[in-house]
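The structure appears below as structure tokens.
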Amino acid sequence: PALHTMVKMVTMLNFMKVELGETKTLRSKEQWRAAGAEFIGTLLFVFLGCGSVVATGILDSKMTAARLVAIALAHGLAITFLAGATGAISGGHLNPAVTLAFVVAGKESLLRAGLYVGSQIFGGIFGALFLKWCTPESMRGTLGSHDVNPLIYGSQAFLMELILTFVLIFVIFGVAVDRRGPGVIAPIPIGFAVVVDHLVGVPFTGASMNPARSFGPAIVSGAFGTQHLLYWAAPGFGATLASALYRYVFLEPAEAALA
Amino acid sequence: PALHTMVKMVTMLNFMKVELGETKTLRSKEQWRAAGAEFIGTLLFVFLGCGSVVATGILDSKMTAARLVAIALAHGLAITFLAGATGAISGGHLNPAVTLAFVVAGKESLLRAGLYVGSQIFGGIFGALFLKWCTPESMRGTLGSHDVNPLIYGSQAFLMELILTFVLIFVIFGVAVDRRGPGVIAPIPIGFAVVVDHLVGVPFTGASMNPARSFGPAIVSGAFGTQHLLYWAAPGFGATLASALYRYVFLEPAEAALA
Amino acid sequence: PALHTMVKMVTMLNFMKVELGETKTLRSKEQWRAAGAEFIGTLLFVFLGCGSVVATGILDSKMTAARLVAIALAHGLAITFLAGATGAISGGHLNPAVTLAFVVAGKESLLRAGLYVGSQIFGGIFGALFLKWCTPESMRGTLGSHDVNPLIYGSQAFLMELILTFVLIFVIFGVAVDRRGPGVIAPIPIGFAVVVDHLVGVPFTGASMNPARSFGPAIVSGAFGTQHLLYWAAPGFGATLASALYRYVFLEPAEAALA
Amino acid sequence: PALHTMVKMVTMLNFMKVELGETKTLRSKEQWRAAGAEFIGTLLFVFLGCGSVVATGILDSKMTAARLVAIALAHGLAITFLAGATGAISGGHLNPAVTLAFVVAGKESLLRAGLYVGSQIFGGIFGALFLKWCTPESMRGTLGSHDVNPLIYGSQAFLMELILTFVLIFVIFGVAVDRRGPGVIAPIPIGFAVVVDHLVGVPFTGASMNPARSFGPAIVSGAFGTQHLLYWAAPGFGATLASALYRYVFLEPAEAALA
């Protein structure tokens, strides 16, 4: 039965035109440069995103609307400039859920995706580490780790993170993958999607949409929260859903075939 | 007399070059894809817009300037990225008032407009439903439903919504319909118009400018407020006024004729 | 001596290549369309700008940093989308100080400038009137009229308004007039200049930079403040200074000559 | 040994392809125009940045999240429009750390860099002076001078400023220097980097990233703080690190050679 399952999975991957990639990819200098950009970009994103949570926590000890605006702008505008700065080198994913979406759409090979996701996760850890090194223990709290609001159900938190990630991936496909979209300004609407996702999601789940953003501060501060796995599963589902929908429904047939 | 009225209306529609459209439109795959984009785009807009009202209501229980900024940014930046993401597929209306404006300008047939408005209204309902499913009853209030400030007259509320919608439609025509406008960045000024309309209108009418945004949470939460019809009539008037003005006064004769 | 002064002024205008313009200008349909765009654009700018002051005054009765952010975003983002929407029709001045700057740079004739300034002033009055009609007397205060902080000297207020206007005009010339600038995104940095000018100037002078924005609510509410003339003189000086500096120092000789 | 050190430094500069520049540069009109743009741009940046600290200090006497948002937007959006306005004239550095980064990348000669840095420092001083002249003594505090939070170690402050500057320079290279980046919108992500750096750094170090911004108000108000040199050294290190990394790792070999 295990063999049977594997055969079925390979058939499905084949049907979806997911490519394994060739191992020579890992010997290409350009691939490692792209991985480096993902590492640095995610490091800076986690440093700045978590840093805004810690910094504003010094000013307003509980969450307020003003603090929410600061945190949302920090995460979202950081995506605008970091995805803008690394876009030409690596595509500027900076998020395992984004890389997964590209795999599902047949636009990234599994091997390269593995390299990217590894770089993003290590980037997230080092981003949190640098933040720890910059801030005194009395101020740093859990380094901006995510946790689910205790007043909401796990299923509600899961649906919230799934939808927020769906928003992000849908926008990335509409403005950057789809060649008919407003390509040149793409980092701006993508960053704005992250701003608004935070304005909605922070009081419920912290608004992750990005396992590397959730994992880095959790492992460095030890604050994994009550439902850490949710920050991997819900973005994964949301990204898969948005990517498959956009590819099979909205991408022009010619472009989808190109993938 | 009913016949007489109908003849007069048809004559007027003919004079305005409003097209009925051909029923074969409804058999085109592209039309349904556009309707799907309007459905998903409006769903996400209502989820995020109403979501920001609910989320910030958890932090600051009454309306404050900080909460106003969060709500305004959520609605406006969402229009930037959702209109940007669906623009190439459906035109990114996401609002029955916008579709009406295109009909009045002779740039959308009545049949296609009906398809769009239906998709937007259903999108708004599902957006509010998903928000309900994500949030505990104790926190969700009226799901961000609009209501008129009890201290202002109905006529003042009507004029406010009319002007705010006029602003939105005037900007859409100036930056996106008019070919002389700054086309490539268009989703940014259009989203900014929604931000500013909220900064002005929220304390008076909630700043709808969009019947789908008003109707979705009202039907799901049951909170239709005291003057729900105003959120259909005032945006309708404002959109018609701005569209007709831009078409007959500002569009270049050649382009207006093309419509 | 009056004759002598007039001769001197005409000589100076001639030296600066300021053009009187031909009266047939006033018979051109395009000129009146441009004047109409200036009227509507300034009307909406004053409605939204003053509206944000009134609306946030309902929420936070005294000025707070959060309210300042809301007011600054409302004025600045409104300039982005209104200048963006009217740019192709009239140039999107929406401000007598901007029109003056173009006259000083020899890029607008005196006759057309008069038409523009008149349209802007009437636009400002009607913007304040519409705001009055939308808002109950108990809430509308002075309709967002400007006044100088009683703790600062008139000379300090004058210098503040002069510098804030200098910033605006310098940016307009750098990003929109100078052909080497980032033309296509120009309405965004110009709007951002208005945002930041407000973040600095509101607690001192209200941050006008625009006589039409100051005059409209003052005449409608009767609240001319203690130093209304300052809102004409200081922007006038600041605009003249920035325009002359940019033209004679920074514009490429070829382009300056073209003016 | 002094001679030996000098020989070693020259060798290193040669290896890095840093160019001394030719003295005839200083006789070129274009160079002085560029220096003038750096002077005015930095003057206005310091006036507006420090001005936002002073202005919001009148409203909220201690630092709050709302005030942080105002200060961050003021500094960051000012960089967007001032770098946008001076970009075609001088490159829009407005910051000695940015000029240093260009020297390290071999894209600016030492002589021209000296001219720029001098202009920026004088610009910063005059920006602070104009702010002093506009504001009453009772309100102006230390004119927005930077100081390190007494609860954090000097090494933490140093690392914080180094990383914040690294972010800024990395983004400048990714979006403006690298020809594959999103050139036309570059001033927007660069300004956003300054916004987010402030949202993170203000409660710790004030978020300078720019010695001219730190030096101007310090010399005018006399408030050099406890660790003024940090505001020169840390941005210097951060800029050097980001520039060298981007040049040797991410710039395409052909483009790096061009430098």
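Things to note:
Here the chain labels run A, B, C and D in written order, and each chain numbers its own residues starting at 1.
Following the convention adopted for this analysis, a residue touches a chain if its C-beta (ideal position, glycine included) is under 8 Å from a C-beta of that chain, and two chains touch if they have at least 3 such contacts.
Computed from a prediction, not measured in an experiment: that's the story for all the values here.
Both chain A and chain B derive from one sequence, and where they touch, under half of the residue numbers involved are common to the two copies. The two copies, chain C and chain D, are related by a rotation of 90°, based on C-alpha atoms and rounded to the nearest 5.
Mean C-alpha position of chain B lies 30 Å from that of chain C. With centres taken as mean Cα positions, chain C sits 43 Å from chain A. Residues of chain C in contact with two or more other chains: 64-66, 69, 184-185, 188. Residues of chain B that touch chain A in their complex: 33, 36-37, 40, 44, 47-48, 51-52, 55-56, 58-60, 64, 66-67, 69-70, 73-74, 77-78, 80-82, 84-89, 130, 133-136, 138-139, 184-188, 191.
If you check the complex, the residues on chain D that touch chain A are 63-66, 68-69, 72, 151-153, 156, 159-160, 163, 166-167, 170-171, 173-175, 178, 180-182, 184-185, 188-190, 192-193, 195-197, 199-204, 245, 249-250.
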